[in-house]
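In the two complexes that follow, subunit A is the common piece, with subunit B as its partner first and subunit C second.
Right after this comes the complex of A and B.
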């Protein structure tokens, strides 16, 4: 169980912001922090891992105090040993894939985990390569594997898949889910991709201006359970066109663009870039194998 | 031709560079990390030799190290070190004089590394020392090479400070740049030319090698 109760004044480009949150995360859960850029998601992860010091508050993990401003307790990141996957992967350029993993070994730790992880992440053939020669997806797999070497109980993923193309993203989503289960981790993800969040997480916290404004189970959170639709997808509005009395809204779902007809009241509530849910229940969709 | 001034020059440059390398890494690491208010002051002090006439630096060191003054006297009485008109004094002066040439490239290199590299290392339970040695320094090798070569070349070319604090004692403080001045004063142009030509060629080759190395020229020959 992770309990965070933190206050921190953050100075960003947009001026001062007070981060003030209380989060309780049960052991073994897959939790997502969702929200606009600058809402304080990354800062929250950095405070949990010890890379950023909160102004006041407490952090306890499984009953052990990691941070307590009243008692002057502040464990350094080295003592917290959280598996942290950075947005830019942070692979060590001077080391090969294998050396990157080996560097993360703890003193006297059994080395067999290196083979196990290389195998699991399908990196065995790439193990002698330097990070600069790898593709984005491969780098991400190295970063994930490396974060697991020290057998952390908490895995932090800061927008791990945002730089990857859709196909690679879907593949790695499954991989992350597999890791989460196999290594019995408590995983905290930062993501903007609603499809990804629904697929991966048990619970979602939405942050805005440093505060949790909404929380819930992933499917409830985005209102997916309200419609008893036959099929439904989430996507992004690309274009809203008016044709006589109706509006045609182009929605990007995955790699496909779908045109949806809507009336004026519906179209007025939408703007380009909005995340939307496209669902239907009146018609029976046809499924064909490709 | 007397080879002694040249030997002395390169001995001085080697020792100075070695000391600077060890001294500059902690300074550059601190400067690239700190948010302290005194950082600009330290940065200024480190960079002063870049703009200060060497004679100014030499003059103050001469005064400070003189046994007639408190600090020089203390050095002399307690440690038995006399820094003026001695090789040891030249080393101390050169280290101070070439400090910016070592500190600045390393500091710039360390500052340019993404901070997530060290943060990743910390979350893996690695100490700051381990992170510096195994992650940060190996990833700023070009900066280390630049620092080493610039301070070496700068020490080879030093004149004013040496003259002020070391004088012109053959075998002890008479380095090549001083010898050249000496030979010109004595109208001995051919000897001055030999020293000059050697210094010119060596510094040219050293700097060329650095630019080639940092430009990735040699990587072609490595499989």
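Right after this comes the complex of A and C.
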């Protein structure tokens, strides 16, 4: 269990903000911090990983105190078992894939983890390549592998997929879920993509002005459970076409593109890239054995 | 499975079938407010007042607008529970002789009604 109880005054160009939060995250959970830019999501994660010092409060992980302003306890980042992945990969450009991973090794750490991770991330063939020769998806796989070198118990993903195209994003979402389960991690994600959040996380915390204003199970959080419809998915609008008096909306759901006929009252409120809920009653779909 | 009777705007009773029961869905309590959703494409139109047909929900209405397309047409109907949009084939519009200001019955099967608590 991760318990954060923190206060920190943050100064930015927009003025001063008081980050004041209490967060409890169960071991093994996949949680998402959701909210507008500047709400305090990244600052929270930086305080958990030891990159930013809270003004007052406590951080305990599985009963061990990482930070306590009263007792003057503040573990350095290297002592905290946290892997951190950033949106911009943050790879060393002058090092090969393998060297990027090796750089993360702790002194006296068994090097066999490097082979294991290169293998798991299917990076063995790319291990001698420099980051600049890799695609965005490959770079992020390297960054994810590097975050796992020190065998962290907590994985922090700060908008890890937002720079990637849709297809690569979906592929890496699967990969992140696989990592989360395989390495028995507690994972904390920052994301704005509702489909991604619902797909990956167990629980969502919404931050606004430095405070948690709402929390809940992912599907409940976005109101996806608020209809009796049982045939229900969330996805992203890819195309809106008018045909005769109706509109045909193409929606990407997982790896599949589905089409929904819609009246103009709904179609006029939609644009390409919107996150949508697609629902129908359990009575309507037909089912056939393949 | 449950059959749910919903009174809409104190005017009309709509019937829905859902696979939930009061045990599986907490919103299924008498007196609880729900929104009722159905799709424009699932609305059938009849010009006859009394019709022996296995469509449970029938609402009287007046056609206030018809937009005739090549294959499909879009009708706006004024009813006691508000405006309803129906999308039916242009073939049916022609066969039934549907025109503006005409009094009709709007029909929706109970399995097409979604409840949104």
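Convention: the second predicted complex is superposed on the first by the 228 of 290 C-alpha atoms of A that agree within 3 Å, B and C clash if a C-alpha of one lies under 4 Å from a C-alpha of the other, contacts with A are read in each partner's own complex, and residues count from 1 in each chain.
Definition applied: contacts are C-beta pairs under 8 Å (C-beta built on N, C-alpha and C of every residue); 3 or more make two chains touch, one makes a residue touch a chain.
Everything quoted here is computed from the prediction, not taken from an experiment.
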Original post:
In the superposed arrangement, which partner chain does A:263 touch: subunit B (first), subunit C (second), both, or neither?
Top reply: second
Original post:
Where does A:175 make contact in the superposed view: on subunit B (first), on subunit C (second), on both, or on neither?
Top reply: neither
Original post:
Quick one: subunit B or subunit C, who's touching more of subunit A?
Top reply: B
Subject >> Touching partner for A:183 - first (subunit B), second (subunit C), both, neither >> reply: neither
Original post:
So, A:150: does it touch subunit B (first), subunit C (second), both, or neither?
Top reply: first
**OP:** Name the contact category of A:233: first (subunit B only), second (subunit C only), both, or neither.
**Re:** neither
**OP:** Would you pull the subunit B residues touching subunit A in the complex into a rising list?
**Re:** 114, 116-117, 119-127, 134-135, 138-139
Subject >> Partner subunit B, residues of subunit A touching it in the complex >> reply: 49-51, 76-84, 86-88, 90, 92-94, 103-104, 106, 146, 149-150
Original post:
What part of subunit C is in contact with subunit A in the complex they form?
Top reply: 16-20, 25, 37, 40-41, 67, 69-74, 85, 87, 111-112, 114-117
Subject >> Residue ranges of subunit A touching subunit C (in the complex, touch as defined) >> reply: 226-230, 244-246, 261, 263, 265, 279, 281-284
